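Chain IDs A, B, C, D, E and F follow the sequence of writing; residue 1 opens each chain.
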Amino acid sequence: MCDTIINIVNIVGKEVVRTVVGLIGVFIVVLGNAIMLTWTERKVAGHIQRRIGPKEVGPFGLLQSFADSVKLLGKELLTPANVEKPLYYLAPTLIFVPVLVTFVVIPFDGFLQVKDINTGILVILAFSSLTVLSILIGGWGSDNKYSLIGAVRSVAQNIAYEIPLLLSLLPIIFMANSFSLRDIAEAQRGVWFVVYQPIAFLIFFVASVAETNRTPFDLPEAESELVAGFHTEYSGMRFSLFFLAEYTNMFIVSAIAVTFFLGGYQGPVLPGVVWFFIKTYALVFVLLWFRWTFPRVRFDQLLNFSWKILIPVSFLNLLVTGGILKI
Amino acid sequence: MRVIADIVKGAYSLIVGMGVTIRAFFSPVVTCQYPRETVNISPRFRSHTKLVGDPENPDRTKCIVCGMCERNCPSHSIKKVEGEKKEGEKKKTATSYILDFTTCSQCGMCVESCPVDALEFSDDYNPVGSKREDFHYDLVKEYEKRKKTI
Amino acid sequence: MTFGLACCAIEMMCASMARFDIARFGAEVFRPSPRQADLMIVSGTVTKKMAPILVTLYEQMPSPKWVIAMGNCAISGGPFVFEGQYNLVEGVDLLVPVDVYVPGCPPRPEGLLEGLMKLEEKITGTRRFPVPEPKW
Amino acid sequence: MALATKIIEEFKPEFKSVDIAEVPYEKQGYHLAIEARTGNLLNIIDFLDRRDFYIIDLFCVDYQEYLELVYFFSTHRELCRIKVTLKLDPEKPVAPTISNVYTIARWYEREIHEFFGVYFEGHPNLTYLFLHEEIGHYPLRKKHVAVPDHDKKLLNSFKPHEEENSFFINLGPQHPSTHGVLRVVLKMDGEYLVSAEPVLGYLHRMHEKMAENRSYMQFLPNPARMDYPGALLFNLAYVEAVEKLCGIEVPERAKYIRTITCELNRIASHLLWLGAFPADLGALTPFMYAFDDRENILDILEDVTGSRLTYCYFRFGGLYNDINEETFIDATKRFIERMRERLVMYDKLITGNVIFINRIKNIGILEQGQAKKYGFSGPVIRSTGMPFDMRKVDPYAAYGSIDFEIPTGHIGDNMDRYLVRMKEIEVSLNIIEEGIKRLPSGPFKTEKVPKKLKPPKGDIYNAVESTRGETGVYIVSDESDTPYRMRWRVPSYSNLMTFPHLARGVLIADAIATLGSYDIVVPEIDR
Amino acid sequence: MTGMGLYNNLNIYLFVGLALLACGILGVIYRRTLVSMLISIELIMNGAGLNLVAFNRFVAPENAYGMAFTLFIMGIAAAEAAIALAIIILILRRYRHVEGAKLKEMKD
Amino acid sequence: MIFADAIFIIIVLVTLAGALMTVLSGSIIYALMGLVTTMFGIAGLYVYLNAPFLAMMQILIYVGAISVLIAFAIMLIGPLYKRPKEWSYPLKLIAAAVVALFSFFMFAKVMLKAQWAVLSKPFAISTKDIGRLLFDRLTFPFELISLLIVVAIIGAVMLSLYSRGEK
């Protein structure tokens, strides 16, 4: 048995095996995370609102999201009559690509990483723009006015917030002198970057809330205005893919924030991967906390906030960082 | 300068709001877990009506089939109030009293108009059914059922 | 999926609020879009003007789908039925198949929860929850 | 009544041939009655418009031999209700439109048109507002009158015709933010609204028609279904109207209990709105908190009235049953204390929130001058800075003997509407406290109410301040035990009709915030 | 087990670049609206960039001039797209359409 | 490495298919999708050319910025409920095809004729090298590009302001 495995490994090459195993791991993490996060979200929402939240299915309602996903799988796959079929079908699949790709470069631990690419952060930033695109074609293809408006909003919002997101990461790249996420995490062995770059951290966090379309920036799916935004016409499995992607994106932005600002997997006593998850979920909790506290901003306010406050401030921050580092 | 002050003030207000919610997060829940425990329901709660038994003769209800409730009901939910005069009794005894609960508006008009106080609101606060006809209660039969359990 | 029409809609909201917390059964996600809904709770009077919309929404829901008629108005037109009425649908079951009826005007939130349990009983054949004791 | 005499003095020289009669206000609820004719109606309307009268209501009564249009006017400064009537030929009812003087009349006239078949000359858009396509007769006419074919075309006629470069969105009838079944057809230009047109009638439950089929007693449960969040207040409007009509005295204790329970109900209703309004803006948690508080009130009221929502508690001449002195007062006091604490919490959570402030400040500004044209009332008018409150203007129940302030806003934007309502909760708490302090003992019901009410011939208008504004009921009695005609003047109707005006050219998100700030209850509008 | 090493063949990259150029030309002529013309121009630019990198890789591997110039191309493309789209939206506001062939006024 | 070859061929085909989709599809949104596909294909080719940094920049700039910008413009242009259909005269298609094919074959001829001095040296240029080059040797063009972008941004803003004022 062992021999065959070693043989296979030798034939295909170690790197390939590592990648494949890693991808399978990523898939499991994605699914588990989404299920876990939906449960957490509902539970957190419940307790913030002084109620219990899911409870009756499984212990503490832990099986609730599981049951829900099984239900979603069992639902009829409705395709509305007027949709542009190729686009309509493509969107949920496409939204899953960046989710899977970005997981490849996230260092869960010094060792636990599918592949350390030396342009790691570029990979994440490059592929995360695909999310917008899939929202766009989903909204366009649904032939529904609400979806379309939701999609347009989403695009404008993403253009606006991608810039401060990038600009707030640049100082860290300056300081760590690398694009690789593992190098950046390693560079924080002593002091976390959040100490040097609190403003960048804040900007990054705000921008990433906007990028993941969470309250207070959840305009593309603003329930009271646009019914369900871009996924109004999606049902069953396809809808669940959007759903899954949303929760995974939450995890990803938190993970990046942790890697860049909060020392990644560094931490005393406990193994790195545990620290990583603790930090990440703490940030996710803050995201949830935001959602259940704040109202939604208006569209023009949203754009103004990015263009008039976040971008200038992050530019300034970048300038100051560059100046201090080099002079 | 004012812009910065505004931003700081705004951020502070957001933090205050978050403080409120986090305090709620850690305070005890107010949920009453319904099927396992129930809320205290006021004894005055109005559900559908029931007939009250005659304290002197538990076999019959207080209803004397005068038809007041039937006439006074705003939505004609009370149908077929019929009765017969039994031997040795002064008043009529109800044999059928059909309440169509699906059109009732729980106003209490029937209870109020009953001259002999034969009607009372029941405690059935959570009726469900899978047919419309489930809620065409025959109050006389209900009374007899209830009588047996007592 | 909510289909709040009238008075009962408020009680339906109450059911999802802190006191009764429909979320315990994992049913708090009131989806605004029919495409993502499983259950339509018709709570309130269905008028003739509303009827075609209700049917459309029901048809937009992916199967398997269920309907709860909540409140007397939805069941039979309730107290608004009178001779010569011109604007009511006397019972939502004339439009779409109804699985569970929850009578009352309006029913208490417990009624709705009980209705959900009844629906579960209807789907799975067993009742997982205890029957609450009669009160007094 | 100074204003009434002044009006008579000014009216007589200007309209020599028109009858103007003074009416006993205590009996009929209005001061003056003017009988207009088709020729001079517009002049009379103009006369009233110049004197800052606003239009309370406009409706029609079918007296078989003639149709009567009834215009109710009053001023915001001083109570002086004037009834202007106009008789029409039932075979060919045509009246001049007053919609270019009073904008709100545009919708009232549409309503009359579809329910009675009256045509209004010069009306810009005489299409159906409430009814659905299958109706073949004019429902509120006493005799069956079929709808002529050319009229049928106007049924549900608001189907937007597609135009270049603009597109339409149906906000509702099933849309998360409409709080029910309101439909607003929005014409959009990108994110901006070009125009908004409400379409009503998705919850038209024929209350007015039903009243003609039921006795006075049997109609009692209905008002509660009209405005379910503030059921008791509507109940009170109706009960008081009938009491005035029949001359039934109400004991003091009943008056006080009515006041207290009404104020509790007002808080419950405001709390419902307080939950729904931030939910429109995307914050869902205040919804839960508000309902949590509301649940407390419901417990108190359930203990008294027996139901949670659609109370049917007041009876002619008193109440259904007395309150349980100890538990009720205890619970209420506890609630007041708790609510005061919670108001501080709401201030922190919502009022102070910068996002919230930015979302609603300076959005949807209603000017004071428009109050005359639209006749909106309640918190909506008070937010413009006009201290107009039926509780003060025309005191009923025990409001006359309790002192309270009327919170007002400044510019009439969404923020003001929000603040006024929040303030009103506080004021209501004070009223309840005061009421409990003064609660007299005694009977809760007069004994002298006949089992079968047969009020004398005549009509009456009675108004109360419901949670949304001036709620009036107008009853015509013909000595039988059923009302001949009952008309409800509902505040949400006139409040909502300012929405098309406010929604022009704003962002859709702002429009939804504005709609939320009105606190619309659709069954009330549709009746 | 060695393959053909196709990816080590300069000509293939050049052909792909050329195909992109041809497609771009086709698109610029054939497409109707200004936006799709812009898209086609992006194709041409990409073809050029691909060529540059390919030459850099195969002909002059000791320095990175080709890559640097590809980066410049990307920068120019971004600037061009921004300006072009602004102009297109301007045209849209003015003429209510964005069809290249219908813009007669510019010629006059 | 047959595996690498296969993937390479797939990438080339995807690139070409994307390009064809861009120019021939009926609807503008499909054209955009074609463009995105092409960009991804080219990024793949860059990876094969040992230029991962460029590949990432390609995706970041073209997919993340330019495509999204174009998509946004499309949303603004098409009256939202109307799908602008891309039709043209078949004659024009033929003409365009002739021109395109002509240029294709002409350049192909030139290309095949030329003898490139292909060096088989190992190609190992890292991101750092590109950076060095950009800031040491090519500072002036780099600054020019920055200037161009600044001018473009200002121009775009001015244009939009102008059109808003006109409205």
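Just so we're on the same page, a residue touches a chain if its C-beta (ideal position, glycine included) is under 8 Å from a C-beta of that chain, and two chains touch if they have at least 3 such contacts.
In this text the structure is predicted, and so the values were computed from the model without any measurement.
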Pair with more cross-chain C-beta pairs in contact, given C-D and A-D: C-D
Core chain by centroid distance, with centroids computed from Cα atoms only: C
Chain of greatest Cα-centre distance to subunit B: E
Centroid distance [mean C-alpha coordinates] between subunit E and subunit B, Å: 74
Whole-Å separation of chain centres (CA-atom averages), subunit E against subunit F: 5
Chain centre separation in whole Å, for subunit E relative to subunit D (CA means): 64
Mean-CA-position distance for subunit D and subunit B (Å): 29
Residue list for subunit F, restricted to those that touch at least two other chains: 53, 57, 65, 69, 72, 76, 80-81
Per-residue overlap in subunit D, given as positions that touch at least 2 other chains: 165, 167, 175-176, 214, 221-222, 225, 285, 288-289, 292, 310, 349, 353, 355
Touching two or more other chains - residues of subunit C: 17-19, 21, 24, 32, 79-80, 82, 105, 108, 129
Subunit A-facing residues of subunit C, complex: 17-19, 21, 23-26, 28, 31-33, 35-36, 38, 60, 62-64, 128-129
Touching residues (chain side subunit B, partner subunit A) in the complex: 7, 14, 17-18, 20-22, 24-31, 33
Subunit C to subunit B touching residues, read off their complex: 18-21, 24, 72, 75-82, 91, 93, 99-105, 107-111, 113-115, 117-118, 122, 129-136
Sites on subunit A touched by subunit B in the complex: 44, 46-52, 55, 289-290, 292-294, 309
Touching residues on subunit F, where the partner in the complex is subunit A: 27, 29-30, 33, 36, 52-53, 56-57, 59-60, 63-65, 67-69, 71-72, 75, 80-81, 126-127
